[in-house]
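The chains carry the letters A, B, C and D, assigned in the order they are written, with residues numbered from 1 in each.
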Amino acid sequence: MEKEGQELNETILKMQGITKFIFDSEGIALKNTNVKILENINFDLRRGEVHVLVGENGAGKSTLMKILGGIIPPDEGEIIIDGAPAVFKSAKESKAAGIGFIHQELNLCQNIDIAHNMFLGNEIVKNGVLNMKEMYKRSRELLMSVGFDVNPKTIVRNLSTAQQQLIEIAKAISCNSSIFIMDEPTASLSQNEINILFKLIKEMKSKGISIIYISHRFEELLQIGDRITVLRDGKNSGNMNVSEFNYDELVNMMVGRTLGKMHVCTHVPQETEILRVENLKISKRTLPLSITVKKGEIVGLGGLVGSGRTELAQSIYGARQFPSGDIFYMGSKIRKPSPRSSVQKGIAYLSEDRKLDGLVMEMDICKNVTLTYLDRFFKKKIIFKSRETGIAQKQIDDLHIMCRSMYQLVNTLSGGNQQKVVLAKWISEMPVLLILDEPTRGIDINAKAEIYRLMDKLASQGVAILMISSEMPELIGMSDRIYVMCAGSISDEINKSEGFTQERILQGTLK
Amino acid sequence: MKRSGLKVLALVTVMMLLSVVSFGCTSNTAATTAAATTKSTAGGGKTIAFSLKTITNDDFQKAIADSIQSAVEASGNTFELVTAGDQTNVANQVKQLEDLIAKKVDAIILSPMDANAVIPVLKKAKEAKIPVILVDQTIEAGNEDLYVTYIGTDNFNAGKEAGTKVAEWLSNAGNVMIVRGANGSSAGDQRVDGFKAGIEGTGIKIIGEQAGDWKNDKAMQVTENMLQSNSDVQAIFTASEVMVDGILQALAGAGKTDVKIMAVDGSKKAVDLIEAGDLTGTMAQFPQIMGKTAVDTILGVLDGSIDASKVDKYIDSGTSAYSKDNLADAKKTAF
Amino acid sequence: MEFIIKKKSILLVGIAAIALLIAGSFIPYFYSANNLLNIIRQSSVVAICAVGVTMVIIVLGIDLSVGGIISFSAMVCGTLMKSGTNIFICILAGAAVGLAFGLFNGVMVAKLGVPPFITTLVVGQVAAGLALVLSNGGSIGGFPESYVFLGNGSFLGMPVSNYIMFVFVALGSLFMAKTKMGNRIYALGGNEMVVKQEGINTKKIKIIVYGISGLCAACGGILLSAQLDTVHPIQGEPYLLDTNAACVIGGVSLMGGEGKIYLAFVGAMVIGLVRNALNMLGMHPFYQNVIIGAIIIIVVAVSVWNKNKNIKESKTF
Amino acid sequence: MSVSTKTINRTSSVNQFFRRFVKNNGAIVIFVIIFGFALLFVKNFASAQNMLIIIKQSAVPVIACIGMTMVLMTGGIDLSFGYNIGFTSIVAGLLIKTMGAPVWLGILAALTAGAAIGLGNGILVDKVNVPAFITTLGTGYIVLGAAQIVSKGNTINKLPKNFLAVGQTPVGVFNTTILIAIAVAVIFYIILQRSTYGRALSAFGYNKRASFVSGVATSKIHISVYVISGFMAAMTGILLTIRVNCAQPDLGGGDYTFQIITAAIIGGASLFGGKGTIVGSVFGVLIIKVIENCINLAGVQYFLFQAVLGIVILFAIVFESIKNKKL
């Protein structure tokens, strides 16, 4: 598709005034909540450039890309490709327009082999029969072109996340895409896998392919980026050429608001130790790690997605088995941790993915709120409506959950309110240790502020909080201590007294 | 680790279950009425197999099986029972017959579940030179060369006699209901057709006819429902005694005491019911006679004392109507 | 994944082999070529139905209408034949009926979103009922020689039924391995979202799959009636569970996406083999159910076990 | 002006209410339609006595259907149910008639046997992760064989009066069986609506992972429903035996299983778990029994029975699913 003598800085993609309201699972906007995830975003892409899109989680990067990928429609604004306005009704159409989307969550059929995945939808057929020989040959070539030497007959399930990502790229290449969207591709890659990927990206650039690259890692965008666009809270908050990269300016664009206002911090850590983890290995391959959390202390757990933070949290909570290590809770060792025993002990775990294991989406707010401590609320095993509604109503008021009534099904709530419901169900009985996994993922500013205030309140009431977060300001603003995780073990511990800096945390994540 | 431990436990239990069961097969079979292969040393040691639909919830079929077994084992030969498992699994009976031929049993006694379905496999038996005797049920006319003889009740006649009896009881006037067997069972159909022929020309009207599927609960339900549509009924004819209990319950439920009931088979259970005044009458068949005659004939054919070609193609094991009048003899002959 | 499937086939062959050995050591004539061919012949109907049902299970469905369709389509075929229609037309008609019922299942499932279990269950009952209606509850038989030959004749020492079955299994396997549709069927079972995103019409695929299943069931039924030289209005009933059991023993995963037709065929053989062995052993009928049941559970338990182990290992932390 | 808007509002709110009612009570709606149809067009249907007959015929299946509903609510299925009925029937029959054991003992034994089979299913499904469909299919075969072995194929009729009394003692126009059915329905209604167990059960049915993380005793619940199902199968077996005054190994059977599953699904239960109500299941059974009753009353030819029944049920199910999509 690359024509000779094309000057490289001609704009091939323009997105203008893109606006998107909070939407439900089908991508239909919930205007009634009137919360905008994206507000009047402008974005343009030149031929053969790597355009890095940065911003905190929930800033709207992924949503913007979903719109470009045709997965969800925009509510306002238009997309222009090669000067012609384009409307994508489906992912297929976007792909046909030459846009290849490498998703954060993988998009392959796990049960069939590489070649079959690559050519799914446009199989090579010779007189009515699949031409497997050709398909294997072609896919091997494509795999080679992304520097991945693997037998295309391998079943995808047996590949690592990184390998699957490479396959998605190869697949996108096979449909001669001219624009690539890479949503945090390096999130779960090892260093040399990353190098392979970057080499590949450089080759693609030289072929005149343009890449929209979403990432948190500054040093990455310095390595491969040409231009940077920063989103904040669903709005453009600035652009920058990598050539004149200025670190502070960029952080300012990303974080922007004065942290103090957002992250209230009135609580004072106490001395009594609530949780102590000793030499815990979250998997056979990783190094042992040890952490402690004190009464009334908020301990931040930083690190990249896939660095093992969630696994650590689930191991402590008992939702997951681990090879070795001891967990001491209020001085005594926990044998065979399990969610049930943890709940009874007063350990609460707010999970990362509320849809998967946080909420029962088909049940109403009231039932979700009371589910966790059901046995404690109703010792006689009989549910008294008045009591139950009382509990639910209290939580709805305390957390300002916006809903028609407590009998509204949670899958009809906005993300922020869903998150509040998850929180409500864990604090409807005061926990001793509260583990928060990405507590503010994908929710709007106001909800965030409220949740931060709530965390502070809980801490000052003596609750020990262990908070996993990918958002620098959140970590820095809320934590009394920060552990940084990398490759499944603790790479750094920082005390507030030493002063938290993004650099130091970033260093930790990359050790 | 914990879970997998439980998995082991669970699987072990299943294994144990299996082993216990398979042990049970070897040990208990002798105990069960219709035993599996129990090779007896005495006599010719020939294997004679009996294939029928099922002996579950069917005293009549069981009686045939038992009489054949006792006769065979008395003669010092080996008896083997194969049942298709339920009332309707025709294909399975054919498979089992094929297996019997494959293992070269010396003779087969067969109660065919379907008049046509067994013909191909009987041809194979003929090729394999295995003599076959039919009991209780015969096969489609025109295939007489495929079996030595057919010993059984003429189901149509039995039904017909039942019809005339009922006509007698009702003195040729009134309403009757019919509770059929399972749809697609030829024996049941013949009996009902016979019954209809029996009441032909009398003033008796059929006001309800439903399938009871040889099952008490189904029979009970359809009877209850038919009674709703028209409770003015004087007699009920059912294709087999296996459904009488349900019918009785239905009548009791509807508070009807004066309804005459005619069934077919003639088991001890039925005789008791007649004595108790619940059942009015039943057309008795004589499985013992069927079984005995079948075995005698087949043994004769096997040792050459009987010339297969000379045997009549149909030996009627006879029927007789049991009712309160002849309880005494009924008790003697009932199975 | 691949190697689990391999494992499973090994497992199956193992079971079959052991069953053979045990049975053989007990029974004279068991090894006779005749008997072995017989076993295959006896399993042919189940195997043919299993071809279709396997596909259905792969797309996360289940087909309980097999029994009814076996009865009804064969009944249509038989009734026409009795009325002196040309055999081929009769067979085609029967097959068409099966196809129609299958497609109906598909539409109900794909378009109306009725769960497959209930759809196929009820549709099966309707078909079985219609078979009774068509025959007034009786059975019909005495078909032309040429027709019966399909079921009972043999060619080059092998029963014709076996050839027919092998054709079905071969075609089915090729279809799944070698065609666009086959690839998409597997993909659909693995991850419907992805297939949709490729712009493939998943509803259409489902409808087709159920159609095929109906067609296979019809052919199975017709073959059965040829073997029995009879159409019995409820001849299909017993095949419902046997077919699904065969697939499952053959390692077709009810979680969808996995399963090979030739393995479902092996599954059918295992059932046939066990039944035959038990008959040959003169095992009392009552005990046969118990053994079959136990075998089904154990085979699946073991295979599930394998899979869980494998999935645990393949997970990065 | 203002008036008109008011009326509009009212109509819309009525409409709203109607929609919600239909959405939540599809079974009742279907029942009303079929019942109305029967009243109008089926001769002899509209008699108090016939209503009573239908209730009597429904009583036992209602118990069975409730047991099955519990399993369906966890996204499982119990195909061994029907065979379990036959097995427990024989157990009770043998003990009470043949061995002359006291009635309570026979009943206790049968219930225990049923529950034990359920426990087996539960362990296989939850601990060994064998799909419910297969587990119960397998145990179904096994239980069937066991029933035949224990009974040697015999049936046991003319059961002792004091045993029959358990189910047949008349209470007003009803009998004890009906009362038991009603009691079971009420108890399980309360369990599902008002008990922590019921709440946890439906949460588990909707989202196993989430309820596990929320500290619900998922394994316990998962196994318990199969035990309940087995126990209810035993109850069904006993009461059915009493109803026909005959204990037999082939009582119930596969067809019975499928019929109650159908009833439960017409009643709004989903094979994917979560959904399902006692009221729905009760009406599901009533619907089927009314249809069967009508077919018989209308004197439909015996060999048409199955086809007609199937077609009507098909309509009911299509209605259910369309309702679920549209409303």
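Convention: a contact is a pair of C-beta atoms (placed from the backbone, for glycine too) under 8 Å apart; a residue touches a chain by one contact, two chains touch by 3 or more.
Just so you know, these numbers come straight off a predicted model, no measurement behind them.
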Partner chains shared by chain A and chain B (touch criterion as defined above): C, D
Centroid-based (C-alpha) most distant chain relative to chain A: B
Comparison of A-D and C-D (more C-beta pairs in contact): C-D
Separation of mean Cα positions, chain D and chain C [Å, integer]: 30
Between chain A and chain C, centroid-to-centroid distance (C-alpha), Å: 45
Computed distance of Cα centres, chain C from chain B, in Å: 31
Residue list for chain D, restricted to those that touch at least two other chains: 124, 128-129, 142, 145, 148-149, 153, 302-303, 305-306
Multi-partner residues of chain B (each touching 2 or more other chains): 7, 10-11, 14, 17, 21, 24, 32, 34, 54, 86, 183, 211
Interface hub residues of chain A, defined as touching at least two other chains: none
Residue numbers on chain D that touch chain C, as the complex places them: 77, 124, 128-131, 133-135, 137-146, 148-149, 153, 254, 258, 261-262, 265, 270-272, 302-311, 313-314, 317-318, 320-322, 324-325
Sites on chain B touched by chain C in the complex: 7, 10-11, 14-15, 17-18, 21-22, 24-25, 29, 32, 34-37, 54, 80-83, 85-86, 88-92, 94-96, 98-100, 102-104, 114-117, 119-120, 140, 182-184, 186, 189, 211
Chain C partner contacts - residues on chain A that touch it in the complex: 71, 90-92, 107-113, 116-117, 119-121, 123, 125, 128-130, 132, 153, 155, 157-158, 160-161, 282-283, 285-286, 308, 311, 488
Sites on chain C touched by chain B in the complex: 27-30, 32, 34-35, 38, 42, 45, 132, 135, 137-142, 148, 151-152, 224, 227-230, 232-235, 237-239, 275-276, 279-291, 294, 297-298, 301-302, 305
Interface residues, chain B side, partner chain D - complex: 3, 6-7, 9-11, 13-14, 17, 21, 24, 28, 32-34, 54-59, 62, 86, 180, 183, 208-211, 215-217, 220-222, 224-226, 228-230, 242, 245-246, 248-249, 253, 269, 272-273, 276
